[in-house]
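There are two complexes below, and they share chain A, which is joined by chain B in the first and by chain C in the second.
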Partner chain A sequence: MIGLVAYLVFFLIVALIFAVAVLGLNLQWGFTGLFNAGVAGFLAIGAYTMAILTGPSREAVLGGYELPFAVGLLGAMLASGFAALVIGLITLRLRDEFLAVATFGIAVTIQLVCVNWEYVTGGTLGLISIPNPSRALADGPFAQNLIYLALVAVLAGLVFVGLERIVGAPWGRVLKAVREDETAAASLGKNPVRVRLEAFVLGCMLMGLSGALYVGFIGYVSPFDFLPIVTFQIWTMLIVGGSANNRGAILGALIVWAVWTGSGFVISKLVPPSVQAQSGAMQAVLIGLILVVTLLFRPRGLIGEKIAVSRHARD
Partner chain B sequence: MILQHIADGLLSGAIVALGAIGLSFTMKILRFANFSHSELLTWGAYFAVIFFAVAAVIGGGYGTPIAPFSFGWPLLAALLVTAALTSLLAIALHHLVFARLNRMAGHMTMVFASFGVALLLRHLLVLIFGPAPLYYSSALQFAMLLPGGVRVMPDQVFLLGLTVVVVIALHLFLTRSRTGISMRAVAENPDLARVSGVDVGRIVMWVWIIGASCAAVAGVMYGLTVQLRPELGFSLLLPLFAAAILGGAGSLYGAVIGGLAVGLSENLSVMIIPTTYKPAVPFLMILLVLYFRPEGLFGERR
Partner chain C sequence: MIRRVRAAAAGLAAIAATFAMAGAASAVECPVKLGAVLPVSGPMGQVGERIAQTGQFAVELFNEAGGVKGCPVEYVLRDTQGQPTVGVDAAKSLVELEGVPALVGAISSGVSLPILTSVAVPSKVVQISCCSSSETFTQLAKEGKTDGLWFRTYATNRSQSAMAALLATKAGFKKTAVIYVNTDFGVGLANRFKEDVVKLGGGLGEVVAYNESQQSYRAEVTKALQGNPDSLFLIAFPVDGATITREWLALGGTDNLIVNNSLRSDDYFDAVGRQYLKNLIGYDSAQPRLPSVATFNELFEKRFDSPPNGPGLHSVFDAVTVTLLAMEQADELTGPAIRDAIRAVTKEGGTEVHPGPDGIRRAKELIAAGKPIRYVGATGALSFDENGDVQAPKMVWKLIDGKNTEVEYYSTEDIARLIAKLDN
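Moving on to the complex of A and B:
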């Protein structure tokens, strides 16, 4: 019984860490209509920044500043935000597809840098023994995981409440206006390029936060944690839950992560170990199918966008 | 040394060029960036594996090699059959996914769906054929020594020649045939083309057929000159986009020149940066083009 509860705690930590990234993507795609095909890249920037800032010092590798956890989280957000700013400044004034291509490209490039720039990233070995703040606060993995879950839940909750506030505020209405009709928004004196850039950078900062929380939890960072499949997973979470709805983003993260880990468990029981590579492919095919089927038959997702009517137009 | 890099660049550029033609046409005429286009190259290459397997059962198999090439006449038959099969796959995807989403949702939803389709197609190949690399033929081929100390495989020379033939054929198709002229009309202005009596649905089919056929040829040639892997197309996705964006969406010669430029820059880049960073070159090219000339070299400013 305690095993099941312990697993549930573990599951919730990872799912909520994903949820933070999904909330960031929701700000970009759901509310602003920006297609970010490089989510994994921004997660990786956050994860590596965290590892470099808070990790122990080691020979021949940059970093080891042993800074506090909170500084690591903040630094991760700033680093991801800066990368987003550069990409955004180049592509956001162009056709929508170009952002998709450029973000896809940056994710591929970041992965390449992670594998090859050993001085900063530790290469294929990655960086290990990143401190987890819960280790100092309790004994035993179960209590420590409970503390980390509380921390992640509080942060995810803060992100959720913050996003709910800003998308309900005038700024959030401008986002939707730009998404629906850029020309109309511009004719009302809004600057669509600037608004898009703000939403893009803010969303990528949340992805950086998510990557940092992940590294803080598992204690190491490896370039193979940020393959393009992670981008697909996060997108599927958003589409299944319902884009342009922050509750949907969190629900999608929980459901899709449950399907992913559940199917992995079932497949590992059914498939002989000699075809392990194929079993990973089965999971990926399943995610791809869920994605395409949801788009075709329930494009709103499980809980989609609420229809908002101006209070001046009610009668 | 530099001559060798240029030769390698032109050869890998020819494959990128063939693949980018279809991507460029879909970006212009169907108006979405199709992330699953690169998987058509992979499926084309693996369709040829099936073709050779079937041919081996019927008799004939890989055929007697025509010197100096590593392959015989069956390869040409394989190119035609895989082009047809890949076109069928593309048309099926169009009807099952893209056409339906185009009616229901915005074009960015199509871009996104193409992401999911790409994932599905790639992992289906891993499921069917396994992750290990395959080869059409286990025969060894010796490189020819060209003047200047450049070494190329005879098969690679064939690839270059085939690319030239395909581009000339497409040029004649687009400028001389009624369907080709209608296709350019739809690219310019679909509504005007429709009221002028052009069957836009038929033209869209042709875009898929041309794009998928070129992709299949590129995939088979990659399988012949390099190797077959389920990530074959995926690893070419950024080069394909770089070529299509550099050339300008919808431009045949733009895609070809873009493809050669990408191949050359990738191969020449190893003279100044470590080889391991070669795959990042197309991304840098995309950023530079988008910053300085977003409509591409041959595209029109919008």
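Moving on to the complex of A and C:
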């Protein structure tokens, strides 16, 4: 029983860290229609910033400032926000699939920079011993993880409430207007390029926050953590949960991560030991099957976008 | 604020303690579980599958000899898909839901390390890897952050750089350039080599990294040629290695080549042309000349109808077997007890025991009689140093009349002496 609870706490930490990134992507894709295929790159920027700011000093590698955890989180968000600003200024004139290709390329570039820029990232060896703040507050992995879960849950909750407020505000309506018809939005005196840039930067800052929380939890970062499959996972979470709905984004993160990891558990229970080594393929099939079935029956995601009609229209 | 956080922390700790006490009953329950976290799908899937099967095979042999503490051993395998997040989750679920006291895995260092720092060490579970070669583990162990729970049965890069430096200086080279693959493996090896070759009295030329799968490496080769080195240490894999070697020779580089173990491959020799590789010299891990190795090879062939050729097969077999022996030896099946028992069953001076059901039965009799044992397995006698690393014997090879031929053999003891000389 204790084991199950301990595992669930661990599971929820990782799932909620993903949820923060999914919320960021939801702002970009769900509300603004920006196809960001470079999620892993912005996670990486946040993660490495966190590692450099809060990690212990080491020879021949930048960093070791041993700054507090909160400073690391803020720094990570600022760094990924700044990177998003620069990248956004260059690429946001591109639409849809062109933006997707550009951001995908950028994410791969960022990953390669992580591999090669040893002075900053430690190269392929990665950066070790990043402090986890919960280790100082309690003894034993269970209590420590509970504390970290509380921290991640509070942050994810703040992000959720904040996003709900801004997408419900006039700014949020402009986002949707830009998503639905840029020309119409511009004709009403809105500046679509500026709005797209704002949404892009804000969304990427959340991805940076997610990367930083991941590193703070695991205590280690390497380029291996940011392969393109991570972008695919975050996207799947958003699509399954329901884009343009922040509740859907969080639900998607929890469900997709549960399917992704739970399928391994189910297979290790059901498959006889003699053929377990071949079970990897079965797990991949199972994951794919569940996702396809979800999309067939709920094409707009588990919780789709709420139809918003102006309250004045009712009269 | 701080007070409130402390109070909350204390409250949580109290809850945790209550839970922990509920689970404290510690008689051995059958079956005894051993966790394995390996990539059986994804980019490492093919290699991982063979390794996972060999781990399963080691468990089967142990069960034939009666299992651990009278219980059959259940091998619970979970897939990492080659992804750190998936691997970490799999490891945590093995520890918490299956209650395994020891984990075998993973393959890539980028997956093994997050498992170690976020699951194995906090939960006090032994982690033993067949294949992770990164020096980061040694560093972490030196900083005291593994609590001794980390072991690996794969010889680290440490001996590789020492061998290369030895080859360079024995041949009398005065200035050795280095071209290395930019992965954790290549970086670690090249950095070590820089120190080792100087300590043995050699000299260093340019040290140049290359990224995998490029069409041409002219820029890297040109840079490495600066200062007219009299030899080249090439750390590469066959396809890129052949491209680099051809360009190196074409641009007037010397044919005094020293290469790492991955280039001991016909693909490489044929792609470059054997006639150009007369002065090539290389090192590789050698299988120790021991009966225990032959026993493993025979058992493996009988079970799989093919010889155990492939990365990680010998080392995963030993990783699993030594962990199970340690479980038999340990007073209780907890991580720290197994950690100490792994030291006990590999200690010099114990009665040697070999792989296979007969060897295991004998080991169990000796353990039951309270006598010390020393496991000598598929990779020879495992002797873990204080960081959980092992050394393996090495051999030196050349192409003689175009044929890949072993010319020298260095035993584990020779290698240990060489490294001791370099590290002091």
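The working rule: the second predicted complex is superposed on the first by the 281 of 315 C-alpha atoms of A that agree within 3 Å, B and C clash if a C-alpha of one lies under 4 Å from a C-alpha of the other, contacts with A are read in each partner's own complex, and residues count from 1 in each chain.
Everything that follows uses one rule, which is that contacts are C-beta pairs under 8 Å (C-beta built on N, C-alpha and C of every residue); 3 or more make two chains touch, one makes a residue touch a chain.
Everything numeric here is computed off the predicted structure, so don't read it as measured data.
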Chain B versus chain C as contact partner of A:Leu4, first or second or both or neither: second
Touched partner set for A:Ser57, first chain B, second chain C, both or neither: neither
Which superposed partner A:Phe224 touches (first chain B, second chain C, both, neither): second
Which of chain B and chain C A:Gln278 touches, first, second, both or neither: both
Chain A residues touched by each partner, larger count belonging to chain B or chain C: C
Contacts of A:Asn191 with chain B and chain C, given as first, second, both or neither: neither
Touching partner for A:Ala102 - first (chain B), second (chain C), both, neither: first
Contacts on chain A seen with chain B and repeated with chain C across the two complexes: 112, 115-116, 229, 277-278, 280-281, 284
List of chain A residues in touch with chain C within their complex: 1-7, 10-11, 14, 112, 115-116, 118, 123-126, 128-129, 137-144, 146-147, 150, 214, 217-220, 222-225, 227, 229-230, 260-261, 264-265, 267-268, 273-274, 276-281, 283-284
Touching residues on chain B, where the partner in the complex is chain A: 27, 32-33, 35, 97, 100-101, 104-105, 107-109, 111-113, 115-117, 119-120, 122-124, 126-127, 130-131, 237-238, 241, 245, 274, 276-277, 279-280, 282-283, 286-287, 290-291, 294, 302
Of chain C, residues touching chain A in the complex: 5-6, 8-10, 12-13, 15-17, 19-20, 22-23, 39-42, 45, 48-50, 52-53, 56, 74-79, 81, 83-86, 88-90, 92-93, 95-97, 99, 108-111, 113-114, 117-118, 122-123, 134-136, 139-140, 143, 145, 182-184, 187-188, 209, 211
Contact footprint of chain B on chain A as seen in their complex: 33, 35, 37, 90-91, 94-98, 100-102, 104-106, 108-109, 112-113, 115-116, 229, 232, 235-236, 239, 275, 277-278, 280-282, 284-285, 287-289, 291-292, 295-296, 299
